[in-house]
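After this come two complexes, each holding chain A, first together with chain B and then together with chain C.
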Partner chain A sequence: MLDLLPILAQQIINGLVLGSIYVLATLGLTLIFGVLGQINFAHADFMTLGAFAAYFVARASGGNYLIAIVAALLVGALLGLVVNQAVFSLLRGQDETRPLVATIGVSVLLENAALAFLGPVPYTFDSPYSSQVIRAAGMYFTMQSVLVMFIAVLAVGSLYAFLKLTFVGKALRALSQDQEAAGLMGINKKALIALTFVVGSAFAGLAGAMLGPILVLTPFAGATVIVKCFAIVIIGGFGNVEGTIVAGLMIGLIESFTTQMLSPGMSDIVVFGILLLTLAVRPTGLIAERREENV
Partner chain B sequence: MVDPMTLSNTRSARGTSRWLGLLTCVAVIVVLPLIFRDAYWRGIITICAINILLAIGLDFIFGFAGQLSLGHSAFAGIGAYTSTVLVTALGANFWVALVCGVVCAGLAGVLLSAFAVRLKGHYLAIASLGFAVITYQILVNWISVTQGPLGIYGIPPPPSISIPGLQTINFSNHQAFFYLVSAFALLTYVLLRNLTRSPIGDALTAVREDEISAASLGIKGTKWKMMAFGIGCAIAGLAGCFYASFIGTLVPDAFFITESFMILAMVVIGGRGNLWGAVLGAVLLTVVPELLRGIGDFRLVAYGLALTLVALFLPGGLSGVLIQSARRFNGSVTRAKSETHA
Partner chain C sequence: MGTLRRGFSIASMFLVGVAVLELSLAPANAQAPAPSIKIGALLATSGPGAYQGAQQKEGAELAIEQLNKAGVNGRKFQLFHEDSACGPLPATQAAKRLIESAKPDVIIGESCSDGTLAVMPLVQQAEIPLINASASSLKITEPGNAWTFRIFPHAVMQSDSFARNAYDKLGARTAVLLYENTNAGIDTIDTFEKAFIAKGGKVLVKIGFGRDVNDFTSIATRIAGLGLVDIIPTASLEGQGVKLAQALAQAGITKAGGGKAVQLSNIWLPAGFDEKAGKPAVGFIRIVQFNHLENRAPVQEFLKLYKAKYGADKTPSHLQAQGYDQVMLIADAIRRGGTDAKSIRDHLLATKNFEGATGHVVFDGKRQNSSPDTIHYVETTADLGWKTLDWQ
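Moving on, here comes the complex of A and B:
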């Protein structure tokens, strides 16, 4: 029993680290859905390209991971802006499947463009912090996992501060509640929607930089994560930031434990089993969104 | 007032044109393998026929019933693996295994729809995506049955058919296999088209356009959506069975979610909701990438770009554009006629 406890604690730590990356990866989707009611399938490729940007910047700057993270953030933000202007702003007010299908197209395009330029061979992206191990209370942490947790908390904290404390954040919340009324109150809808995309996609880029050293870094890296992000979005409740955080950490923990106790392949089956169960029993997710139309 | 004579005339004209269309299809199917004589292109036209089956199945679910399913490849996988395991591990007859594969895929579709009928739009899209991921992971991890990522090899073609007085039909021959799949594709197409033009098609359209109004007319959305999923997925299962015995090997990657996106792209680019658009999309997305082999990986970039542009600017897809230009042409012809009469 005493031997089991450190293993358990270690799995919990691993799960929370993984979960906080999932939270980062999913928050952008949640934010965009919360404001626009739209899903961006190319979000996965923002992560992939963020990871690659981090990889190349880290290499160019002689292994400076922190600059690489900033670069990934900027690449994500830029991609978000471009996709919003090129796809979503053209289909505003259309039925929801058209933007969905269009972003699937963007995703296929980005994925294969990355494949054509970068090739299918995995890149080894080592963070300098992965090799620094801290031992405390019988558990091992790498500096990398401490950094991941720190950045996740920082990112989520600043998102909250932005949404709750600033005037623009208030306008954004107004927009997510009622677009028309918000527009009538003199809120610049277009600019705010673009801002949502920029912030949400910057999160994707950030998540990519965090995922880079964990995943097999290929042009398809984001695609393997994004389906889990979708599951988290639904389990947490569409467009709900708190729900996403809870569900993201939960999925991280579940994955960490199924990988340890069953097999890595089983984790997807368990996660999506929970997804289908959620849809069957509580389709509004853990924390229900305030709209009735979707279910 | 419509003259009853003209009405019956147009009706019989429509009947004639329908038979003409069917005859043209048969002629095209017969001639195709005679034009494409090398094994490579005969393989591609056979894959094309399989893709047509996949695309019209999805069009029935997405175009007619309005349910965006992103898990279509999973049902092809269920059909393919069911029939193949029955044939290779249990030594079942191909045709029996085929029926089992189709039924299993159809039942899986009904199972998914049992979750999905309560869902709309994004929820359904992601639920079906999740279903496809689960199916894929089961195929990868259930090694004792599916051999996992190593795949199943040496899947035999359907047994030869010998008809007395005629040559034995041997399906290891690409030409015979093409005729077999095309015959099934044509049959499925005709059945689906008749189904969509029957009152059932009207019920589906009503549910797609406005489920609440449909319910007020006594059309139960759940029931019809389940039926659409069952039929569409069974067709995907049929395509999967043919795919397995045509290719001869079966790996889970052939049914990954990216394949679902490919089938969706066929339906969207061809134009959803009229079946022949899906056929057009399937043909284009199978043949054009082969012609573009010279540009390597960029052909997939081109397919992504095409999907994006069509979704952005051509909501009716290519068939929508064709229908519109045909209408414009007809309009100008009638106008010209009436002008000459005057």
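Moving on, here comes the complex of A and C:
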């Protein structure tokens, strides 16, 4: 057995990188749930299609991963806009279950459309930064890991700045607190709901681009991550952005240390055990006390 | 006038002759052509094992196209596919749909062990022979199911030989075993462990993981913490196999990453794995059931037909070859007198020296192909091609 300290330090790095990926993947889900109270099962497929968009743009641009990330973000935003206008906006205002079931329908439709056009064989999406390995003090990390963490910080910072510092962001927060009252104050409810979906889906696309080189990229790739994303949303506090960050990083660290100390097969048992414990002991999640304070 | 009458008479006789001839031939023409042999295909075309089913289906369709040019004993062949998704539940549902709707004479598949084990009772109940080509779990043939055949070398056939060669040819003494938590993954690694320990090797740790694991950095870190490891036998599907090879190289464990360990795999990874994994695959040693570099006539014939149908730039893997061989094996049984499910089963059991693209097929009493020539060892070279190893 080698020196334990570098191994544990390495697992902390691994956990933080994995946690950053989870935060990125969950951010859009949290925003949509926080503002609209809507669970979006199609979020996984927006991530998958973002990953594929990044893959094809990277290939077309001679391996330019940074352009691919921007393209994935735009594809996610466009998907959000189209799906919201074509499906969800028509069902909103009716009972709560219809939009929920519609997200499942959109998810199945997108998965099978992707299967028909892209095929079932896994794609290999290599970021040029994945092979750049930095080794120091018995530890190592790839430039891709650094980029993932940087993009996660940038995404969280941008969302905060948008929500706290801009007029539209404040209007979104007002909408999340009371849609009727916000409407009476002259806030364009429909436009802001659409904007929430566009921003949330853009984050899904962005997450797809960052996940692409990590995931086994098939039309079902997002489905392997989304269940954990839902767990993070619940553990973090049902749509609370700060809670999502804490829960995402925590789950990443728990997975790394479960792999080190026990077995990767035990990770889900530990993560979902914590989910059940949270629901039992602190049903509001780690941070939020009231849903209207979430966003 | 007389000439005219004689002309009419000859014409009348000719017409009567034609009519008689028509009548005499009529029963033969009216006979319906022999019905096609219906081949059910339980192949995964969705989920993590979808690459297997999609490629096997390509091979099966190629074989059917070739066979239907002339037919076999007056019979043509039809393929009925259901997506069995490499899992017990979807495979069971797919098998029920297939058996009820298509009523096949014979079934090929499933792509994975868990799916195959789940459908075996259903095909047995329906009394339809099942020919499996890519599932390695011992449980498939060891109980001696009367309706299940396998042309794929099972876990012990692969692992015994692999452990022996790793110990003798690579000088490996320590191993870390990585496997997906499925029947096939567990069987593959357990049998390797037994054979390796029996030779005198030591297993440092066994690490199992689910098919939903995407990030293997933490597993690689754990292995790096164990110190020097000689070999890392791995049982995973292609997508996770690529990620594992990359994570182990990044952690500096395998030769491709500057370490000393050699990663090994049984017949799980298709051709093309090396290109997908890239440089981290260099030095990877694995068993393949189909080596396109082999000079055997059935290999080269299959290669020629495949490229003609799917593109000259494409190289088939063992999966396409398996699909092709499964259908050709059925055709062989029909040629020897098989007409329906039961007689096809009986003729399959009597198969003698069928030579396919993946090797010979000789079934033992448990309907397991016992031919050893289905196992080939290859090592990934620096240019991501294959070097055939002279291992037995």
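The rule we apply is simple: the second predicted complex is superposed on the first by the 286 of 295 C-alpha atoms of A that agree within 3 Å, B and C clash if a C-alpha of one lies under 4 Å from a C-alpha of the other, contacts with A are read in each partner's own complex, and residues count from 1 in each chain.
The rule is short, and it goes like this: a residue touches a chain if its C-beta (ideal position, glycine included) is under 8 Å from a C-beta of that chain, and two chains touch if they have at least 3 such contacts.
All values reported here derive from a predicted model rather than from experimental measurement.
A.B. asks: Between chain B and chain C, positioned on chain A by superposition, is the outcome a clash or a fit?
C.D. replies: Superposition check on chain A flags a clash between chain B and chain C.
A.B. asks: What is the contact status of A:F272 with respect to chain B (first) and chain C (second): first, second, both, or neither?
C.D. replies: In the superposition, A:F272 touches chain B alone.
A.B. asks: Kindly classify A:S107 by the partners it touches after superposition: chain B alone (first), chain C alone (second), both, or neither?
C.D. replies: First partner only, chain B.
A.B. asks: Which partner does A:F230 reach: the first (chain B), the second (chain C), both, or neither?
C.D. replies: Only chain B; A:F230 stays clear of chain C.
A.B. asks: Considering only touches as defined above, state whether A:M143 meets chain B (first), chain C (second), both or neither.
C.D. replies: neither
A.B. asks: Check the residue A:L118 against both partner chains and state whether it touches chain B (first), chain C (second), both, or neither.
C.D. replies: neither
A.B. asks: Looking at A:L66 after the superposition, I want to know if it touches chain B, chain C, both of them or none. Which is it: first, second, both, neither?
C.D. replies: So A:L66 meets neither chain B nor chain C here.
A.B. asks: Could you look at A:F238 and tell me whether it touches chain B, chain C, both or neither (first, second, both, neither)?
C.D. replies: Once the two structures are laid over each other on A, A:F238 reaches chain B alone.
A.B. asks: Please indicate which partner A:L91 is in contact with in the superposed arrangement: first for chain B, second for chain C, both, or neither.
C.D. replies: The first partner, chain B, only.
A.B. asks: For A:A280 in the superposed arrangement: first (chain B), second (chain C), both or neither?
C.D. replies: Touch partner of A:A280: chain B, not chain C.
A.B. asks: Do chain B and chain C land on any of the same chain A residues, and which?
C.D. replies: In chain A, residues 115, 227, 263, 265, 268 are touched by chain B and also by chain C.
A.B. asks: Where on chain A does chain B make contact in their complex?
C.D. replies: Result: residues 33, 39, 87, 90-91, 94, 96-113, 115-116, 223, 227, 230-231, 233-234, 238, 263, 265-266, 268-269, 272-273, 275-276, 279-280, 283, 293-295 of chain A touch chain B.
A.B. asks: Applying the document's contact rule, which stretches of chain B touch chain A when the two form their complex?
C.D. replies: By the definition above, chain B touches chain A via 68, 115-116, 118-123, 125-127, 129-131, 133-134, 137-138, 140-141, 257-258, 261, 264-265, 268, 296-298, 300-301, 303-312, 315.
A.B. asks: Show which residues of chain A lie in contact with chain C when the two form their complex.
C.D. replies: 1-2, 4, 7, 10-11, 14-15, 17-18, 21, 115, 119-122, 124, 126, 130-131, 133, 135, 140, 142, 211, 214-220, 224-225, 227, 255-256, 259-260, 263-265, 267-268
A.B. asks: Write out the stretch or stretches of chain C touching chain A in their complex.
C.D. replies: Of all residues in chain C, those touching chain A are 44-48, 50-51, 53-55, 181, 207-215, 217-219, 221-222, 224-227, 238-240, 242-243, 246, 250-252, 257, 275-279.
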